[in-house]
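Next up, some structures in structure tokens.
Note that chain A is present in both complexes that follow, paired respectively with chain B and with chain C.
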Partner chain A sequence: MIFHVVKKELQETLRDGRFKISTAIVFVLLTVSLVLTFNQYQYNNAQYIEAQKNERSLWEEQGEKNPHSAAHYGNYVFKPKSPLSLIDQGVEKYTGISIFLEAHNRNEAQFSNASDQTALSRFGELTPSFILLYILPLILILIGYDAYTKELEKGTFAILKSQGISNTKLLFGKWLSVLIPIVTITTLLFLFGGLILSNTSDIGVFNWEALGVLYIVYLIYYLILTNIVLFISLIAKKSGVALVSSLVFWVLACFITPKIASNIADSKYPYPTNQEFSKRVAEDRKKGLDGHNPWSEEAKKLEEEVLRKYNVDSVHKLPFNYSAYRMQKGEEYQAKVYAKHYSWLDEQAQKQEKVYKSTSMISPFLPTRFLSMAISRTDYQSHRDFSEKAETYRVKTQEFLNGLTEKNSRYGERYVASANAWKKLPKFEYKPPPFSQILNSNTPMMLILIVWFAVTGAVLFFINKNH
Partner chain B sequence: MFSYNFKYELKSLLRSKWLILLTIILLTLVLFAGYSGKKKVNKRVFDIEKANNTVKEQDITVLKVLDSIEKGFVINQNLRSLPTNPMNIGYSYPRVAAMYPLETAFISTGQSDLFTHYVQPKAYGDSFFFNHAEFSSPIQLLFGSFDLAFVIIYILPLIIIAFSYHIFSLEKENGSLKLMASQPISIYKWILQKTMLRFFVLSVIVVLVLTIAFIINNYNFVENLAEYLYFLLLTLTYILFWFTVVLLINIKVNNSAKNAVSLLAIWVFIILIIPAIIAQAANTFYPIPSRTKMITDVRALKDDVSKKQDKILDNFLRDHPEYASNKKQNYSFWHKYLASQDLVEDEVKPLIKSYETQLLKQQQWVKLWQYSSPAIILQQSFNDIAGTSTTHYQEYRTQVAKFSAKWRDFFVPLLYNNEKFSTKLYKQLPTFEYKKPKYTSLLFKASIVLIMSMFFLLITRILFYNKSKKGTIIN
Partner chain C sequence: MIITRDLTKKYGDFTALNKLNLKVNEGEIFCLLGANGAGKSTTINLLLNFITPSSGKAFINGLNVTDNARETKAFLTYIPENLMLYPTLTAIENLDYFLGIGGKNFSRKELEFFLHEAGLQQEAFHKRVQFFSKGMRQKVGIALAIAKDANVLLLDEPTSGLDPKSSNEFGELLLKMKKNGVAILMTTHDIFRAKEIGTHIGIMKQGQLKYNFSCNDKSLQEIENLYLETMSLKDNLL
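After this line comes the complex of A and B, so read on.
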């Protein structure tokens, strides 16, 4: 019996001109977006590889130089593209691509794409995730809004019931027939995306597992939406009303709630301005040791300490270059100051995330959006992970460079390292966190999504029983 | 007949709960958007004021020290940091180059969440590399802000669609259209009047609600009346545009559920798809050169220049500018630094400029193609009115770069003439004032939207004529 319902409904959908046109448009949009993002992806990837190579050769060919000069010269690290950014680019447009690592300062990632584009790019972009998140739900509404109301309007409901079908079976049939077209489109997209990714060289950490989980997340999203659309169709008396109500839900869930959530998060836990943040850091830095300032109180304290420890009366008698030692101590203090302020920033971001999580109760769009970004490794968390690892590398680089001077020269000497010294600095290799870790940290979002499905499913089931 | 029609429609509108619901929804949305817009603007002003106050406080202390030195008192301060050295002022006491929000800034967030609104250019450092990015949560940027522009551009059309998608088809479905046809009024005139009445009612509500939001935000109507009126005019033409679309679809499709679907598809196209396609095309035709490549290029270039610099600048001083003023030689670190800085800037200029020109080209592209969707026209105009458009920030960047050069140039002669900095010179320090750029006439943009509406109206008339000839309007 369910089979008959599904067959009839699907046939009806397939014959519908509106469905044909909209699916055709969605297919065109999907293809275009996939081609565009793939081209962009390859372009960025090629540039990333080239830039990294150039950057390293610039670093290695500095020639004879004082290591601290090299530290000021600094190096750039670049963020690799994640393979699944093909599906969801997340916040990548708004986070920078490269971080400049130098002595004394921790720099933010620079040059986000968004700041290099016109205001128009803020409307949205033609990417697969845009279609998956916004347009497919719309098609789903289009297919399902009149699933029940049309039976009422055409007077076929009584006839249908006289065939001896139970409410539950009818619901299940309708449910399947709304879902099947959407699932087909999604499956095709993911299969195609997976094939592209697995056949492209230079792929970072692409695995089918992540793509599979991403696929499941979107499926759950569509299951939830199907529940809601059918629920509205069940309780509405007219097709028009059902359609408008479903659309109101769509606008609320996909457009209004995220914006309101971001407004609340921002006004409740605001970020400091760029200048304000640097000022705070500068103030804290003043309180401690500065490697360039041997006259400060902190510097004198350190000197006394070191002299006492090595039991000598002058820094000249120390077995290492004391000024490099002081430089390193200053570096360590500054790194600590940065760590403190950045962890405060991190806390602020996490508090904001809590706001988003709590608004996820109102809109199934939000948990899907966040999970999709997280699994694609294009969310804020991935960016922070990259930025933290770059900072660790910066601190280690300073240690390496100051160590060169410290070990190879005496106090008061101007040490010039040989031209081949720079090659000894280990390369920066960004290793993104393993997939299991991403899954673990996103379990709450996953649970919210499942709760959404369970609750809407249960409501739909009970309303239908008493219909 | 017009008065009968008008009276009947108005009465039925007033009696239905729709109107109350509509007013409440609009009022809530607009007030919330206005409130959060104002809150952002207030934070922006607060941040700038805070920076200004810090500068003022520093000024007072520095002036005191300068005054004491000029009067011949002995100063208990590290010699290197004495404010009589002009470069110390140029480096440690920068001015605030701020971009204050316009009175209308709360209307549209635009690009204001991406860029900083004040910088403090110093006499030392790469002015061309000035970081204008603002610290903000990328999630916030991704989702965008809930501002008045969003309510008008995205939500208002949906309200119009929900309110009127069956304005004509319902009459047909209810059977009242046949009755109507027997009345001594042409059906076309009647439906036109009916639609225009709804347009009129919604317009009154929208104008009222928006004005309330402006009043709550303490808007200065006397000084900025033109902006307020342009804002309303654009909004009204946009509402008119959507009503003509609704009318066209009602005549063309004439089936309530199908109307709604078609209108929705149009909404998606005008507001989501067309802007995305145009933005994508702008990026494809005028791609911004790779920043990754720029970074490596600039470093290679600097490397080259610094090899030339080696002749004039010894390595140690370049890494340690803070020691420089200590040296009692004729040519200090600053002499050499400033000389080499000009060299670097001249070399880097074409590279940096390529970004600005490419962005300008993109903007011209968007300027041309904005007329493909009233949503883009409105967004661009609102950003222009609010002073948050890409052009505004680009202009600000240019002005800051100029000011940065001016700031440095102020100290160069002092340095080379070995002049000491004094209280007198303090008063002559360059200050920054942001001047907003000119933009395309808003009246022109509003008339384009109006012409679009007229075009749709014309098509509706032709369709109606053809359909009534075939007799498919009523049956």
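After this line comes the complex of A and C, so read on.
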């Protein structure tokens, strides 16, 4: 029975000119988006590999130099592209992919794609995730909005029911026939994406497991949407009403709710402006030790402490270079200041995210969006992880450089490190968090998505039973 | 066999059908006549269990239709006034679908045979039904009854709007089915057709069966007089 319903519904769908045209458009869009994203991915990845190599060789070939000059010379660290950014680019476009590491200052990531583009880029980019999140639901609506209303309008419902088919079997048949075309398109996209990623070298840490979980997330999203579209079709009396209602839901779920959520989060936990943030950091920095300023109160205090500790009356008599020691202490204080302010920023971001995620209960789009970015490692958390690891590396670099001067010279001497010294600094190799950790931290979102499916499924089943 | 016992349907204070007692045996065609709103379609809908009775019972082949909604549908075929099919599917595909969801599967040849038996022209078998006339669609409905080997046929004003030729063809098909032992209940306004093919005629008014007689017992004129009388038109005409 169910097979016959599915077969007939698919026959009708496949013979529907609207479906043929829209599916052809989606296939073209998907192919174009995949090709464009892949090209961009390869371009960025090649740039990343080259820049990382060049940066390191520039660092290693500085020649003889004072380590603190090298610290100011600085170096760039680069975030490797996540293979699944081929599917979902998330916030990567806006967060930047490289951070300049230097003495005394913690810098923000820079060179984001968005900053390289024209104002037109604000209209959005054609990416596979855009099609998966926004366009495929539209196709799903197009297939399913009149699943029941057409039976009433064409007058086929009476003869259909007179064949003795149960409401549940009819519903299940219609449910499958709405899903099958969407699942087919999605499966093809993921298979094709997986094959591209698994057959490309220098692709980073790609695993099928993550791609599989991402695929399941999108499947659940479509299951939920199918439940909603069929529910609307069941209760609507006319196809026009069903179509408009489904489209209104799509607009609310995919566009309005995320904007409202974002505005609420922003107004409740506002972010400081760049200027404001820099001012706060500068104020706190002034209150502590500055490695370059030996005449400040904090510097005098440190000097007294060190002299007392080593039981000497002059910094010249210390067994290390006191200037470098003070510089390092200054660095440590500044790192603490940055840690304090960035941790406040992170708290704000987490509070915003909490507000944002809490709205997942009113739109299935949001948990899907969050999970998609998280699994693709292109969400804010991934950026934060990179930023934190880069800062840890910066602090260690300063410790290494100040240590060179501190250990190899005395106070008042101008130390110049040998050309080989720079090679001893370990390379920055960013290791993203393991996939299991990402899954664990996103379990609530997965649960919300499952609850959405269970609730919409139960409502659909109940309404259908009494239809 | 179709039996109703004191079958009643009320909508609030309005009684759509009042204690209908009816019996249609195998090999009989029972024609229900009556004005619009007399309760003819309500009777069909109750037999199909599309609506539940307020009181009384209806049986198809001895099974109560309310308690055995799905089982009774296996024995019957319903053809509404305007049988609508899925326009983008062919006649064969429509037939295959309706049989399939009723749990019956047939080969393509068998499906073609049923359509042929129902009198549909061969060149129409594989055409999409969107341009089919009402008569052609009715034939697909009859093919459904033949394929299901239905022994109960419920027809709701099947000949209204049919041209005389198609109406005649349809009558021939019903007689053929009657001969095969099918119990047929047909609502209609067509007194001539009822007299011609029916074995029994019932005349309804305001939800009640006013007359129930064998077609052989009355002439066409007598049936017409009774019908008009029931419709309270005869007095007006005189």
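Convention: the second predicted complex is superposed on the first by the 467 of 467 C-alpha atoms of A that agree within 3 Å, B and C clash if a C-alpha of one lies under 4 Å from a C-alpha of the other, contacts with A are read in each partner's own complex, and residues count from 1 in each chain.
Just so we're on the same page, contacts are C-beta pairs under 8 Å (C-beta built on N, C-alpha and C of every residue); 3 or more make two chains touch, one makes a residue touch a chain.
Everything quoted here is computed from the prediction, not taken from an experiment.
In the superposition on chain A, A:Gly403 contacts neither chain B nor chain C.
By the touch criterion stated above, A:Phe277 is placed in contact with chain B alone, chain C being left untouched. Of the two partner chains placed around the shared chain by superposition, chain C is the only one that A:Glu12 touches, whereas chain B remains out of contact. In the superposed model, A:Gly288 makes contact with neither chain B nor chain C. Counting the residues of chain A touched by each of chain B and chain C gives the higher count for B. Of the two partner chains placed around the shared chain by superposition, neither chain B nor chain C is touched by A:Pro432.
Contact residues on chain B toward chain A in their complex (touch as defined above): 32, 36, 39, 43, 47, 50-51, 54, 78, 110-111, 114-120, 131-146, 150, 154-155, 158, 162, 165-166, 256-258, 260-262, 264-265, 268, 271-273, 275-280, 282-284, 288, 290-293, 295-296, 299-300, 303, 315-316, 318-320, 322-323, 355, 359, 362-363, 366, 375-376, 379-380, 383, 389-390. The residues of chain C lying in touch with chain A in their complex are 48, 50, 69-74, 76-80, 82-89, 93, 96-103, 141, 154.
Within the complex, the chain A residues that touch chain C are 1, 3-5, 7-8, 11-12, 15-16, 154-156, 158-166, 169-170. Within the complex formed with chain B, the chain A residues making contact are 18, 22, 29, 36, 47-48, 50-51, 54-55, 58, 65-66, 68-69, 72, 76, 78, 90-91, 93-98, 100, 108, 110-126, 130, 134-135, 138, 142, 145-146, 239-240, 243-244, 247-248, 251, 255-256, 258-263, 265-267, 270-277, 279, 292-293, 295, 345, 349, 352-353, 356, 380, 383, 414.
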